[in-house]
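Here it is, the structure in full.
We just call them A, B, C and D in the order they show up, numbering each chain from 1.
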Amino acid sequence: MSFRIGVVTFPGSLDDRDAARAVEIAGATAVPLFHASDDLKEVEAVVLPGGFSYGDYLRCGAIARFAPIMNSIVTAAEHGFPVLGICNGFQVLCESHLLPGALTRNQGLHFLCRDQKLKIENTETMWTNGFTQGQEIVIPLKNGEGSFQCDDETLEMLESEGRVIARYVDFDPNGSRNLIAGISNERGNVVGLMPHPEHAIESLTGPSEDGLIFFKSILHQMVGR
Amino acid sequence: MSLDTVTNAQNNPDASQPWAELGLKEDEYARIKNILGRRPTSSELAMYSVMWSEHCSYKSSKVHLKQFGEKAPKSDALLVGIGENAGVVDIGQNYAVTFKIESHNHPSFVEPYQGAATGVGGIVRDILTMGARPIAVMDPLRFGLADAEDTRRVLPGIIAGVGGYGNCLGLPNIGGEVVFDETYAGNPLVNALCVGVMKHEDIKLAKAHGAGNLVVLFGAKTGGDGIGGVSVLASETFNAAKPTKRPSVQVGDPFAEKVLIECCLEIFHADLVVGIQDLGGAGLSCATSELASAGSGGMEIELEKVPLRDPSLSPEEILMSESQERMCAIVEPKHIKQFMAICKKWDVTATVIGEVTEGERLHISFNGELIVDVPPRTVAHDGPVYNRPIAKPAYVEERAKAVINIPMPTSAEDVKAAILKLIASPNIADKSWVTSQYDKYVQGNSVLAQPEDSGMIRIDEKTNLGVAISTDANARWSYLDPYEGAKLALAESMRNIATTGAKPLAVTNCLNFGSPEDPGVMWQFAETVRGLADACLELGLPVTGGNVSFYNQTGSVAILPTPVIGVLGVIQDVRKRTPMGINKSGSDLWLIGDVDSNMSGSEWAYLHGEIGNLSPKSDLAKEARLVDLLLEGQEIFEAAHDVSNGGLAATLVETVLKNKIGASVTLSDVAVALFSETPGRVLVAIDPNHTNEMVALAGKYQIAVNKIGTTGGDKLMINDTKLSITELSKAHTETFPKLFG
Amino acid sequence: MALIVVEVMLKPEILDPQGQAVASALPRLGFNFAKSVRQGKRFEIEVEGTPTAEQLAQVEDAAHKLLSNPVIETYVVKVEG
Amino acid sequence: MALIVVEVMLKPEILDPQGQAVASALPRLGFNFAKSVRQGKRFEIEVEGTPTAEQLAQVEDAAHKLLSNPVIETYVVKVEG
C-alpha cells in the first residue's frame, strides 16, 4: 500500500486540490481530511493547505486552529507526526503554537502573487531532506499576510537552532524578519512555509518543478526509513 | 403596521402610489394596473418597478439584441444559448463550458472595493447557477486619466476588490484589461468575466417545474443591502419608527460565497435540484418570478420564512434586497433531507420558503396575508420594450473629415525616445502592479495568464484538453465607427485566442454605453450590436450571452462606446500552447499581416491628443484565414504575440521583456511600422529551419508574411536604434508603481 | 504626550463578515455570551503635549477623509491619557 | 443590553505596516499632528442585560484565546454603555 498523506479541507481552504495533486505526483496517496472530524484516517503525514480558512476575517488561521481535526494533528505532531503547513496552513500552525511566531500583514499592504526565489537553509527536516544545502529554488508566493514576525529571543532561537528552513532571495516580498520564508519545529517534523510548493510541480502550470522536492522529501524520509 | 395586501389593493383602488419615485413611467404604471386588473400592492409595485428597470428588463436594448439570435450562425457547439444565466458550449470529451461577462460599473464608482468585489461575486454565481464549477475569472477595467485624483481613489480600491474577492474564492485571475481615458472619469468600468466547467449531463437551468416541489433559499441571510430606492415604499406602508437608512452599498462576503460554491457543487453532484437561480439584481423578486416564469406552473412563497439579518425589513424590502451570496433552488420533497444535510455540512443556512404550484400565478404571502398575486411572466419576461430614437451624432462626420497630423519619428534617437514614451504610457505600461494582486496559480490548471494574449486553463489533467479566453475592446475605434469597432474587437479577441493555439468557439460581450435616452448614444449602441452580430455570423461564432450597461455618463458626456468582447476557444492539448515571449536565441521573427499608415485610434495618436478620423476597416475573411494559419502553423511557432494597442513597438518590447531575451529587427518606414495599429497582425518566432513552412502557410492562406529579424542578445535593435533590456524594462515597469504606490 | 484614539466601525446596516465570523466561532469554543459581534478598527495616534482644540479638529478631518470610509463606516474621536 | 468592547493592538515591538502607512499618508494630506500611529482592532460585543463578573471573565478568556494572538498582540476589555 502506498504512503498516505492527508490533506485537510477547512471551510475556505483553496489549495487543497493542488496539494493533493502534488502528493499524488510525488508518488503518495492523497487522503482528503475534513476539518469537522478528528479522524486522521490512518494517514502518515498531513498537509495543511493554503487558502482563507473562515475567510481569514479575524486573523489568518485563528479560527481554523480550533477545528476538531487540529486537536488530532496537534497531539500527533507533538509526538513526531509530520505536518507541512503551506501559507494559510503555516498560519494555522503558528496559531496552534506548533510553530513559534506569527504571520502578519505584508509590509506593502497588498496581496502579492509572484514567482519567488528562495534559498533552502535546512535540509535536515522531514520535508526538506531532498534539497541540497543552500539550493536556490523558484516557487509561487501568494498572500496578503505573509510577514513573519516574532520577538528577538525567538528569532535568535530559530537562527541558532538552524530552524529557518528557507529564506527569500533577491526580493523581500513582505517584510518578514530575517527574510524568513519558512521554519520548522525543533524535531523537524513540523514545517511551515509561506510560498507554495504545490504550485511548482509541473512546468506547464508553474514556474518550476522545484516544489515537488518538498513532497518527495517526506516520502523518502518515511518510505526509505 | 399596515400591510398592503391584495385585498387592500382591491378595496382601496385609488390609493396613491410612488411609482414615479420608483422609476416607472406613467404608461408603465398603467400597464401594471391593466395586467392585474387593479392597482398593484406595494410589494407588487416594488417587484415590477425593479424588474422593469433598464438593468433587469433590457427594455432599451432588447430590440437590438435580438439580432444575436436572428443572425446566429449554425453552431453545433452551443448547448444552451442566450436567455439563461449564461450560455453553455460543448468543448468535446463530454465537457461543457460556460462563460459570461457582467458589469458592476456604478457601484464600483460609489464604493470601489465593495463594488468590484460584489461584481466578481455576482458573475461567479451566474456561472455556478448553470451547474458548473467556476474555474477562472477575468476583469476588463476602464478608468479616467491615470494621474487624475479620482483615479487614485478608484483604481486601487477596485483592484483590491477584484483580488480580495476572487482570491478568497480560489479562482485564478487569468486576464483582463486596464485602460485609461478621460471619459471614464466618474464612470469607471468594472466588467467581470467568469468561466466554469461541467459535464454535459450536469447542466442546470433556472426553471421551476413540478407542482409540490419545494422552493429553497440558501446562503447568506437577507439584509437591507442595495435597496435605497424601495425604502420609499417601506416608509409609506410602515408608520412605526424604524431605521429609514438602507444601505445602497452591498458588502461582499467571499468566504460565504466560497462555502456556497462548495455546497452547491456537492448538491449538484448528488443531483438534488430541479432548477436553480442565483440572487443578483432585484434579489428574490427576480429569482422567484424568473424561476416561475420559465417553469411549468405557479409558485407560492411565504415571505416571513426568509431568514433576515435585519429584522426590521418590510416585505417590500425583503423582495427587493440585493444581499449577496444567496441562491434559490427548486427541490423535490424526497430530496430535501439530503439537500439540507449538505447545507448543514458547509454551515450554509437553508430554508424552505415555498413551493411550486399547479396554478399559473406567483403568490407571495406575509404572515398568512396575500401580498403578491401576479402572472410571473409579466414581471420577469414581458416587461416594456422601447424602440428608442436613434440619430447618428454629428461628431462622426466631423471626425471623418478631420485632417490629422501626428509627429512621426525618423532619426534613431527620435525612434528610441518615441518607443520609451509609448511603453511608459499608462495604457501600454506593464500591469504587474495590478495583476500581482491576483492569484493566478490557484487550482493548478493555469497554463497561460496575464500578460499572455489569452488566459488558458487546463480542463482535463489526463487528456490535456483546455480552453482559452480573451477579452478585448478598442473604444476609440468604436467611437469613430461603432459598427467597425465591434467587428474589430471581436476580430482581435478571436486572434488572441488563435495566437495561443486555441480554436475560437463562442462569444460573450458586455456593452458599456452612455444614456440610451440620448439618440446619439443609442445610435452607437445599435451600430455596435449590428456590427457584432454581423461579425459573429460571418465568422461562425455564436453569441452565448452578455450584459448591457447604460447610463455610463457624466452630465451630457458619455463614455466612449465600449463593447468588451470575450471569445472562448478550445485547445486539444494545452502542452502545445504558444507563449508570447521569445524563449531562445537564434530564432527568426516574422510579422504576419500587412501594415498601413492609418493612425486613427492608435495609442501614438492618443499620446498626441488625437483620436484620428476614420477607423480601420475590418477584413473578417482575412481574419478568419489568419486564425486558420495560426492554428495550422502552431507546431512551428516558438512564440507568438498579437499586434494591437501600441502597434508593433509594444508587441516587440513585450515579446523581448517576457523572458529578457533581445532581438534585432529591420523595418522600412520605421515609424509607421512601429506605431500603426493596423489589425490582423501577429508576430511569431520560428526556427530558421521552418522558413519554407512559413512561406507555404502564407501562400496557402494568402496572407503577407515578412521576416523582420532574429532573436538573441541583451537589447532590442530596430534598424540603428538600440534599446537595452534594462532601459526598456525600467520604462515599461515604472509607470504603475509611480502612479499608485 | 497624549494619545488620540479614532474608532472606526461599519455602519449598523452594513454587513460585517468579520464580526459574523467571530460571532459564529465563539459558541464553537463554548462561549455563549455574545448576542452579536461587530469588528472595527482602532487607531492610536500619539501627539506632542496635550491635544489642542485645533488638533482635534484636524484629527476629525483626517478621520473623515483618510481613516474611515464615510460610505460604509462611522468614526469616533477620543482623547485617552 | 450592554456593550463589551475588546481592543486589540499589536505589541509595540511588532512591525505595524498599516499604522505606518497611515502615519506617512497623513502629512501628504497636510496633517502634521501625529508623532506615530498604530492600527488595531476593536470588537463590539453585545450582551443581554448588565454584564456579570463571570461574563467578563469569559470575555477575557475569549480575548486571550481567540480575539488576540498573544504572540504579537495585547488586548484590553472594557464595558461601554
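Please note the rule applied: contacts are C-beta pairs under 8 Å (C-beta built on N, C-alpha and C of every residue); 3 or more make two chains touch, one makes a residue touch a chain.
Since the model is a prediction, treat every value here as computed from it, not as a measurement.
Chemist: Which chains contact both subunit B and subunit C?
Modeler: Chains that touch both subunit B and subunit C, as defined above, are A.
Chemist: Please work out which of A-D and A-B is bridged by more C-beta pairs in contact, and write that pair.
Modeler: A-B
Chemist: Which integer distance in Å separates the CA centroid of subunit C from that of subunit D?
Modeler: The mean C-alpha positions of subunit C and subunit D differ by 8 Å.
Chemist: Go ahead and note the Å separation of the Cα centroids belonging to subunit A and subunit D.
Modeler: Using C-alpha averages as centres, the distance is 29 Å.
Chemist: Mind checking the centre-to-centre distance between subunit A and subunit B? Centres are C-alpha means, answer in whole Å.
Modeler: Result: the chain centres lie 36 Å from each other.
Chemist: What's the distance between the Cα centroids of subunit B and subunit D, rounded to whole Å?
Modeler: Between these chains, centre-to-centre, one finds 41 Å.
Chemist: Subunit A: which residues touch two or more other chains?
Modeler: As it turns out, subunit A has residues touching two or more other chains at 54-55, 57-58, 63, 66.
Chemist: Find every residue in subunit C that makes contact with two or more other chains and list them.
Modeler: Counting only residues that touch two or more other chains, subunit C contributes 17, 20-22, 25, 29, 39.
Chemist: Please output the residue numbers of subunit B that touch at least 2 other chains, ranges allowed.
Modeler: Correct list: 253, 255-256, 347.
Chemist: How would one label the connectivity among the chains shown: line, ring, star, complete, or other?
Modeler: other
Chemist: Under the stated touch criterion, can you name all the chain pairs that qualify?
Modeler: Once each pair is checked, the touching ones are A-B, A-C, A-D, B-C, C-D.
Chemist: Tell me, which parts of subunit C touch subunit A in their complex?
Modeler: Per the touch definition, subunit C meets subunit A at residues 17-18, 20-22, 25, 28-29, 39.
Chemist: Which residues, counting only subunit A, touch subunit B once they are in their complex?
Modeler: 11-12, 14-15, 17-18, 21, 36, 50-52, 54-57, 110-114, 140, 142, 144, 196, 198-199, 201-202, 204-206
Chemist: For a test of understanding, state which residues of subunit C touch subunit B in their complex under the given definition.
Modeler: Going by the criterion above, the answer is residues 10-17, 20-21, 24, 69, 71-72.
Chemist: Spell out the part of subunit A that touches subunit D in their complex, as residue ranges.
Modeler: Residues in contact with subunit D: 58-59, 62-63, 66, 94-95, 100-102, 104-109, 147, 149-152, 175.
Chemist: Okay, in this complex, where on subunit C does subunit D touch?
Modeler: Those in contact with subunit D are residues 1, 4, 7-9, 19, 22, 25-26, 29, 31, 33-48, 51, 55, 58-59, 61-62, 65-67.
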